[in-house]
Amino acid sequence: MSEGAVRTAAQPLAAGGAAAFLRRQWPWLAALVFALVVPWFSFDWSTGRHSGFIVSMLSQIGISIIFALSYNMLMGQAGLLSFGHAVFLGLGGYVTAHVVNATKGGALPLPLELTPIAGALGGLAFAVVLGYFATKQRATAFAMITLGIGELITSCALMFQTFFGGEGGVSTNRMTGRSLFGVGYAAPIQVYYLIVAWTALSVVAMLLLTRTPLGRMANASRDNFERAQFVGYDPRMVRFFQFALSGAFAGIAGALYTLTYEIVTYDTVAGPMSANALLMTYIGGVGVFAGPVVGAVLIVLLQSWVSLLSNSWLVYAGVLFIMMVTFAPMGLTGLVMMHQPIWRAGRLGRLIGPYLRLLGPALLVLIGFVLAVELCSFLTIGAAQGKSFTLSRITIDPRGARPWLVAGLLLVGGGLWLRVAMRGFGAAWNAVTEEVKTTGTRA
Amino acid sequence: MSVPALRLTDVKKSFGPTAVIMGVSLDVAPGSRHAIIGPNGAGKTTLFNLISGRFPASGGRIELHGRSIDGLPPHEINRRGLSRSFQVTSIFPRMTVFENIRCGLLWSRGYKYSFWHLVGGQRVLNAAAAQLLADVNLEARRDVPAGLLTYAEQRALEIGITIAGGADTVLLDEPTAGMSRSEADHAVALIRRITAGKTLVMVEHDMSVVFDLADVVTVLVYGQVIASGPPAEIRANRAVQDAYLGAPAEVS
Amino acid sequence: MLSVRDLHAYYGKSHILQGVNLEVRAGEIVSLLGRNGVGRSTTCKAIMGLVEPIGEVLWKDKSLVGLRPDQIAHAGIGYVPEDRQIFPTLTVRQNLELGMKRAGRFGRWTFDDMFQLFPHLRERQHNAAGVLSGGEQQMLTMGRTLMGDPDLVIIDEPTEGLAPMLALQVGRFLDEIAHRGVSILLVEQKLTIALKISHRVYVMGHGRIVFEGTPAALAANEAVRRENLEV
Amino acid sequence: MEVLLVSLLNGLVYGMLLFMLASGLTLIFSMMGVLNFAHASMYMLGAYFAFSVSRVIGFWAALVVAPILCGILGALIEMYALRRVHRNGHIAELLFTVGLAFIIEKATQMAWGLLPVPYRVPPVLDRALFHVYGSNFHAYRGFMLLISILMFVAIWLLLTRTRIGLVIQAALTHPEMVGALGHNVPRVFTIVFAGGSVLAGLAGVIGGNYLVTEPSMAATMGPIVFVVVVFGGLGSLAGCFIASLIMGLVQTFAVVIDVSLADLLARLGIQVTSATPLAEVLTMPLPRVGALLPYLMLILVLLIKPRGLMGTRDT
């Protein structure tokens, strides 16, 4: 009797488990489906080709997602600020390049699909060695050591020929003729699907890692490293293991980078690449697992689109970054999470009006700012490159006074309006959160 | 006589030119409840820090169950069965209450630095954590980030984390500090219940708690032990009264 | 002179002060007693602006809420913190100099006064403050605050960690300070000293004032002492 | 011998230049806990300002004006931005300066172009000061040494002899207490930040024409200055000074001493051939490894002493 009751109770539980899984994880599945389908939106049926730009951008997104998530294993989950994370991406890439060249030469019968494992092992090996030193310290000393390591490896990459190929880097050819599925990998779209597979795998692995004893103790030593010692853990070992694993995932990203571009240079280990990881992770949000994913997608999109349109991509990225640090230190996902209690209480509708009122002035400031930046840019760099500033076929002369006046007016007027609107929004926000709080305690 | 659970022999500590602990010797019998009292700044918390390995001692010997623990790092001492709480609440503020307790359990349950177990699936572990949660009366707050608990709840959680690892020697640093009478009474009942059968050493300011709970009281003044013995004896000790308890007697 | 009404303060999310009321009149020594962790130090810091105060803090009929610590210091309140916070790399004399709010502007106290009050410091005036003993550091930190010529000093646990002899000495200094017309708000644990020198005492329990009265009244009130003080 | 003397002087010049940058950074870092990644950007701006100003009113005026412009900019940044970000914690502050460095670099490119600008040593100083056994010591290097020594003395006097210097020193250890004693700590922070920017700007003015004034000069100098600050230890100007000189000398001497590990091994009787494992590492001549040395030294120091050479406090 009781046994039967247990069994009947268990069965719907299993079915409910799948449904619950779907309900909880549907955004990930949706993202995966989207990733599989999206290249076909840009498929040119007349030529039978995918847009090279789109596929390359999508591949870059996949690589960046792994890279940013692996960075957040340090920053968000273990509270370790690293300035040299690219080292493991790059070294993973170099190792992969050598491995692919070896398979091409016939020395190593490794199918191309599995070469990211070589990247992972490469990243892991270097993270074990370098992490042995770096994780001896925490906080600022750790950050400084990683900065040093980053510069060190970059200099080495420029200096040594055998492994790094010096300034020219190591080039490779991904068409090794060895594949599990008989795919040639001549077309970028084929590599893209390989990236999707490895990205999905890595995301799942990293998500599961947060739920292991190591993942939890990484959180614990981030929150209070001293307390972690007094429950039996050596925080240094926690840092070390977390660092090593994070390096392995960065290595996977590096391997995919190598397969995509078929060349690895010192850029992949250098400071700007590390800064990119920081940027993506921070803008996406360090507090939520999916934060870096959002950041990676957003930054690559901006990087690709904006750099197509404008010379000043770095300025926009920098300003965006500064705004986030100043006003939303928990990143984009953090901003979204702030709305969660309001949404639960069913009061999100009350904020729509205030948000809409912000839209106008914010847009004015944005346009004014972009105009000002572009004017500057065209005045100097654009002029040097012989470009002219055209906006829907109207050519704007950056040497004239009028466009500058317009930009200034937009900035100042919009700014003043925005300040007023912000005050109104702040009041509305406070009122709503206060309401949610009181109803919350009543319930 | 059995080996003491904890034995200090002429332990010393100085910070730069200032001597804080000036030769403390102390035996704590297994299973006893030992209170250390003394005015603020007498060095009680420093003594705890030396025993638990937070700071290295400048001199002397510390033994746990007859084995020296001098110079060992805190996590090593913890693994040998000594656990401590902090005077200033020390928890994992961004993790939930349940996670806090579970982190206290992980090492003693043999998980070490595992990255191949999913904590959610470990039934025995989670059952033990749930039991501890019930023991410290925080079931209702299971999924709240620990940083959002009230002060008294955080103190209870602190004790929960401290005993979670199943250490047989427990050091509690002012477990009732800052609590009202009724909260302190709760805490005393809790401590009595969950440290049954363990060796307890605690620093405490609240005399009613001390005399309620302790078998042995040691008085530490200015880095030295001036008396040690059963509560009644300490109460009657003239030197102690002068240095410490004597004060109110003078005015009343 | 100082009047605190319904003062609240938070550390992060925890509500440390839950409506503190107290008053210090001119020339008074007032003690704030209570167990560790009930919020005595936080009260001091909230008055001084080191912790954000919520509520009313009136000083000479002007509100101090929202002012920076240095503005509050200029208004005439001095603060001696529990952990002393001497400047270890500077000499004793330089430490005292920094107590003065403006160069060369002496009030009730000159260097000579300080060295008379604390003869130890005179011998050590050109030594780095970091090498002083605990007792000397306590003297220095009090002297430093006095050089700013405050009308009220808030002193947090001056006898902590001092040998009984030195603790009694501190008590005498407090008397001496009060004789120059400086009010004192004293946070203390050692009842003997506090009750001997105070005009009035407050007892705090868990973020609130639970007793207010003369030392004699506290001595007579067994219940409050048992509940909130050492015994 | 003559090589040694000239290298010593050159190393000294470079070390003092580093100190000019690092001293401001170390003060900011120790007092406010801000790891200021935009500090080297101030150095770059100093050079560019000097370039533009000197074209209008000459080098000697630029020597005064450009650092002041940097100081004003630094003060504005501290008062209107950094103070606000401070509430979000140290990491946010640090990232803010990273973003700022980004923007300044790009803004510099937009204002002055991508290529190096022709910021030159003034003609008066563009000659050899003296000859040692055929090697020249350039007059401008002497001038740099003079300026940096003057600056060093000025900072030292300011910090030890003036009241504001005492306040700054005190605020290095207990900023809260300094406030409670009646000193306006936010203003002290602004002064220190502006002062640090002035020094960085000055370093830019005299270093920009000695080296090259280009948009990437901040990125090349930044890491080295960080190395110096961390190597020397937080809160210690003396440590910073020693570290600057060490770095200056190490980098200069590394360039002139042409040996490799293989040469050393050869002395011990071990011949390195291309077949030896790690032959490439072993035969790499020291001048080419010079750029690595600061980072190797940094990592070594941090592993042994996490507080740096003479650091007084943790970060």
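Every chain is named by a letter (A, B, C and D) in the order it is written, and numbering of its residues begins at 1.
The definition used in the following text is that contacts are C-beta pairs under 8 Å (C-beta built on N, C-alpha and C of every residue); 3 or more make two chains touch, one makes a residue touch a chain.
Since the structure is predicted, the reported quantities are computational estimates derived from the model, not experimental observations.
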Where chain A and chain B overlap in contact partners, by chain label: none
Winner on C-beta contact pairs when B-C is weighed against C-D: B-C
Most distant chain from chain A by Cα centroid: C
CA centroid of chain A to CA centroid of chain D, Å: 32
Distance from chain D to chain B - Cα centre to Cα centre, in angstrom: 49
Chain C-chain D separation of Cα centroids, rounded to whole Å: 43
Chain contact graph, described as a line, ring, star, complete graph or other shape: ring
Listing of all chain pairs that touch each other, if any do: A-B, A-D, B-C, C-D
Interface residues, chain A side, partner chain B - complex: 208-209, 211-217, 219-220, 222-224, 226-235, 237-238, 241, 245
Touch list for chain B against partner chain A, complex: 52, 54, 73-75, 78-79, 83-84, 86, 90-95, 99, 102-104, 106-108, 111-120, 161-162, 164-165
Touching residues (chain side chain D, partner chain C) in the complex: 163, 166-167, 169-170, 172-174, 176-186, 312
Contact footprint of chain B on chain C as seen in their complex: 12-15, 35-39, 130-134, 157, 159-164, 189-192, 195, 205-206, 215, 219-220, 222, 225-227, 229-231
Of chain D, residues touching chain A in the complex: 35, 81, 84-85, 88-89, 91-92, 94-96, 98-100, 102-103, 105-107, 109-114, 219, 223, 226-227, 230, 280-281, 284, 288-289, 291-292, 295-296, 298-299, 302-303, 306, 314-315
